[in-house]
Amino acid sequence: MHDTTGTKVFRVITITALSIFTIIPIYVMVISGLKPLKDVQGAFTWWPETLTIQPYIDMWKTVPLANYFMNSVIVSVAATLLSLVIAIFAAYAVSRYTFRGRSLFSGAVLSTQMLPGVLFLLPLFLIFVNINTNFGVQLVGTRAGLIITYLTFSLPFSIWMLAGYFNGIPRELDEAATVDGCGPMRTLFTIILPTARPGLVAVAIYSFMTSWGEVLFASVMTTDANRTLAVGLQLYSTQTNVYWNQIMAASVVVSIPIVIGFLLLQKNFVAGLTAGAVK
Amino acid sequence: MLLRLVFRNSSHTDKEVTEVKIRTFAAAAAIAALAITATGCSGGSGNESSDSGGKTLTYWASNQGTSLDNDKEVLTPQLEKFEKETGIKVNLEVIGWNDLQTRIQTAVTSGQAPDVLNIGNTWAASLQSTGAFMPFDEAAFTAIGGKDKFVKTAMDTGGVAGEDPTSVPLYGLAYGLYYNKAMFKDAGVTPPTTWEEMVAAAKKLTSGDVHGFSLAAGSYTENSHFAFINAAQNGADFFDADGKPTFTSDGIVDGIARYLDLMQADKVVAPGDAQYDNATQAINDFATGKSAMVLSQNNANSSIASQGMASDAFGVVAFPAPAAGKDIATMVAGINMSIFKNTKNKDSALAFVKFMTSEDTQAALDKPFAALPVLAGVTPSFTDDAELAKTFSDIYSNKSKPLPLVAAEDQFESTVGKAMNQMFATIASGGTVSKADIKSALETAQQAVEAAG
Amino acid sequence: MSASTAVKKSGPSAGATARRARKPRRAGWWLPYALLAPAVIFELVIHIVPMITGIWMSFLKLTKMYISNWGNAPFIGTKNYQVALDFNSAVGMGLLKSFGITVAFTILVVGLSWFLGMAAAVALQKVFPGRAVFRTLFLIPYALPMYAGVIAWKFILQKDNGALSHLLFDNLGLPGDKPFWLIGDNAFAAVVIVAIWRLWPFAFLMLMAGLQSVPTDIYEAASVDGAKPLRQWWAITLPLLRPVNMSLVLVMFLWTFNDFNTPFVLFGGSQPPAGDLISFHIYNASFLTWNFGSGAAMSVLLLLFLSVVSGIYVLLMNRRKDNA
């Protein structure tokens, strides 16, 4: 079957326009990271008069970027793994069991997506302080506090995605396992999870990206020792100068691992989103 | 699937759901109540007197140097010296200005706070009203070396008049009018001594891409400072003696109109400046020759130098008032130090404040942070240029007025400053702002301040 | 995620299977609760309890006088709500304006993101050389850390030195002066564009995932019958994507309405009135003026509004489904 001319024109225009829209900011980011400070403070040019990698060297000194990078990796990875484990259990319950409060739980999960972050920023901080006072667990100004905050942020959406995915896995499979004498947990681990791998990857990507980019809570909950990249990047704008070229260079550096990871796993991500329907 | 989760609940009755809902809610409310009662006492009350001269202090420093790291480098030797002298270890955290206010708020709210911290001195009265900071009484002042060791101008910013202040001065700053010597010479103008001369010079210096002036016209803090200074030159105050806002008086409206007119009527400021939300951007224009004058605090030197402008290429005079106006050139800017009331290390904290405000430490810090001395009888050392130092000392001690020392000062800054951002934006994008517009914007700002009080 | 519903909801028999399969198993009744417990605990501590605390705060006079000892803050009933809803006062007027801007912002961002996502998903539906490259490229804005993407835009949107003005006026030769993008009225357009840039790849991703489940032979049959591409899209693609669209639009609506990060990073401390989105407005009302009670009241109003809109949306969607 052949495409009509109209379809071809539509395709070319759409793809061209969206490519330009997508690329320009990325191009500006990359190219400005290769300019000296004086050039980025002057009129914009598409190609630098002087090409330099100095910003990529200086940026590690202006702010302790390496530390922030480490903090972001630790916080995001831990939040992702924990969120994944918790979401697996919750999604399994929602997908495979009928129980009292099931719809309440589902409704509550949806409603947390509506919460304006500002409403619970200060209360959450107070609760962390109280946990510290009453149970001696230090959460403010530690990575642990950020980890549990972020894992909870991505939890609702992760549970939706996974429950949808689990729903798409035929129940005959579980029943067969039950007949073979597998308990519910065994069934989860030996039957469901291996089948659901793309779904798990999708959820992990989503959680990781949520943690990696969060700004508001990170700016209140972290101190110098455990500051994450999202907050750390703001520090290139100091009392005496705004180091645009270093901001751009640092943005490129913090983006590369996550963009590559995402693009490598995107097949899984899409599969995770669709698989339920393919069955 | 999302919708399905919410609505496909055919398997149980509404009554069951409601019951569960109520139970869950009750449990959650109980936890919340617990959380709240426990917090209630963590703040201002119960100042632990088990003061055994704690051996570790937490100190939040503000960003004064070229980067947070630079601040750390400058402060660390001093903190080591302090530890050697007293055996008290200081855990330093330098906090950027973007975060400082939020961090202080959460600290005040939760009681989880450092022992000692830096504050912008304009916040002093506002922060005092939270009751979270230790008032410096007679005994406290004696412990840090007496109230009289400070310059009076600086000490006046410590808090609300007539009460024990909750902060003491650490670094002094003042606004000055920086001008480009070569450009002034080429245009045949001399440094201005009145507003009128300044505008005339600026007009002469404006041609093509070069402007007479650059302003951080999109920064609400800078704008509120200059609203205050221009109003003060007209003899007008933003708050009356009872601390009530009086934003709409003629002196204020005229003062703001005069300042806005630099862009609107006199056209000596580039419209692009309306998006400068940071003083640095205006200074960069000055340093790169795009403007002949800039208003800046005295710590601009390192920014200017980093742009490649030599230190003898610019001069500084006091920001001039109109010929008929009061000779006020700056508000008393700077950084103060406060102690959190619930500190468990009061004596150590006082010892640390004493150390930081001692002549030796001040001498070591004033230069890297480009600060004016806050100690009486000390010569400024923030620059090698004696004339520059003299000019700024004169401005700071003789031509300054503190910002309103009232609890609502921070709201004054944000409401009036943001109203001015907007007016500059209107002018820059081709609109006009009349005195009536200014008055109505100030009325809105005043209402907002009254509503919050 | 929602694609799963596409097949399930398509016939009554599928629903029946699902229900039968969900009958309690032999395992103890407690098992599902045990499985849910970690999720519930975290949701309680991080979301639910803070939310309830926030609601409680909205009834207090929680200004800076009381903040350090807020157990003692006076209870003032609905005063905070009255102030926020008194549209004759500066505070109420400000909130109302911000709300209006946010509604317009949300409609534009969600609508255009959906449109672009759909266009790209359809354009990339069939295999052609280079398809994978474009698919990858389009996903980059979504993969980029939020902060990095928005700060790049902030740099681009400067008046004189920005890339956008350079492109439009220096390269393409548009007449007139370079306008402001980040202050004045253009700020609204700026924040809309940046938000779309970040959001449309998500719509693209979801719709692309949905389209993959549409069997190609349907289209072949349709084109044999002589249906034009647009008609095919309308008659086949759109109905099949309905389940995806239902949740996609709702999720995008909630995210966009609550968007804090984009204006926060784009405008910094000096947001222009035209870009005064409601989350950011409430943040300023709380943190800039230290009036946390008032800020909490505004947040609660926002929460109520979102709940009502979402509730109505879900009800309408369910009813239309039942009628169909």
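Letters A, B and C name the chains as they come in the text, with residue numbers starting at 1 for each one.
The criterion applied here is as follows: contacts are C-beta pairs under 8 Å (C-beta built on N, C-alpha and C of every residue); 3 or more make two chains touch, one makes a residue touch a chain.
What you see is a predicted model; the values in this text were computed from it and never measured.
Looking at the partners of chain A and chain B together, the chains they share are C. Remark: among chain pairs A-C and B-C, A-C carries the greater number of C-beta contacts.
Each chain gets one centre point, the mean of its Cα atoms, and the points for chain B and chain C are 35 Å apart. Note: centroid distance chain A to chain C, computed from Cα atoms, is 16 Å.
With touch defined as above, residues shared between interfaces to two or more other chains in chain C number as follows: 1-2, 4-5, 8, 22, 48-49, 53, 160, 251, 292. For chain B, the set of residues that touch two or more other chains comprises 1-2, 6, 11, 35-36, 39, 98, 102, 109, 111. Looking at chain A, one finds that residues 41-42, 94, 98, 102, 109-110, 122-123, 126-127, 160, 164, 167, 234, 276 touch two or more other chains.
Within the complex formed with chain C, the chain B residues making contact are 1-4, 6-8, 10-11, 28-29, 31-32, 35-37, 39-41, 43-45, 98, 101-102, 105, 108-109, 111, 126, 129-132, 218-220, 272, 274-275, 277, 407, 410-411, 414, 418, 421-422, 425-426, 428-429, 444-445, 447-448, 451-453. Taken together, the chain C residues at the contact with chain A in this complex read 1-8, 17-18, 21-27, 29, 31-33, 35-36, 38-40, 42-43, 45-51, 53-54, 57, 116, 119-120, 122-124, 126, 128, 134-149, 151-153, 155-156, 160-163, 165-167, 197, 201, 205-206, 208-210, 212-213, 219-220, 223, 228-230, 251, 254-255, 258, 260-261, 264-265, 278-279, 282-283, 286, 292, 295-296, 299-300, 302-303, 306-307, 310. Residues 1-2, 5-6, 9, 11-12, 16-17, 20-21, 24, 34-36, 38-39, 42, 63-69, 93-99, 102-103, 106, 109-112, 278, 280-281, 284, 288, 299, 302-303, 306-308 of chain B are the ones touching chain A in the complex. Against chain B, in their complex, chain A makes its touches with residues 38, 41-42, 61-64, 94, 98, 100-104, 106-107, 109-110, 122-123, 125-127, 129-130, 132-134, 140-141, 160, 163-164, 167, 219-220, 223-224, 231, 234-235, 237-242, 276. Those residues of chain A that touch chain C in the complex are listed here as 1, 3-4, 6-7, 10-11, 14-15, 18-19, 21-26, 28-29, 32, 40-46, 85-87, 89-90, 92-94, 96-99, 102, 105, 108-120, 122-124, 126-127, 148-149, 151-153, 155-157, 159-161, 164-165, 167-168, 171, 178, 183-184, 209, 212-216, 229-230, 233-234, 244, 247-248, 251-252, 254-255, 258-259, 262-263, 266, 269-270, 273-279.
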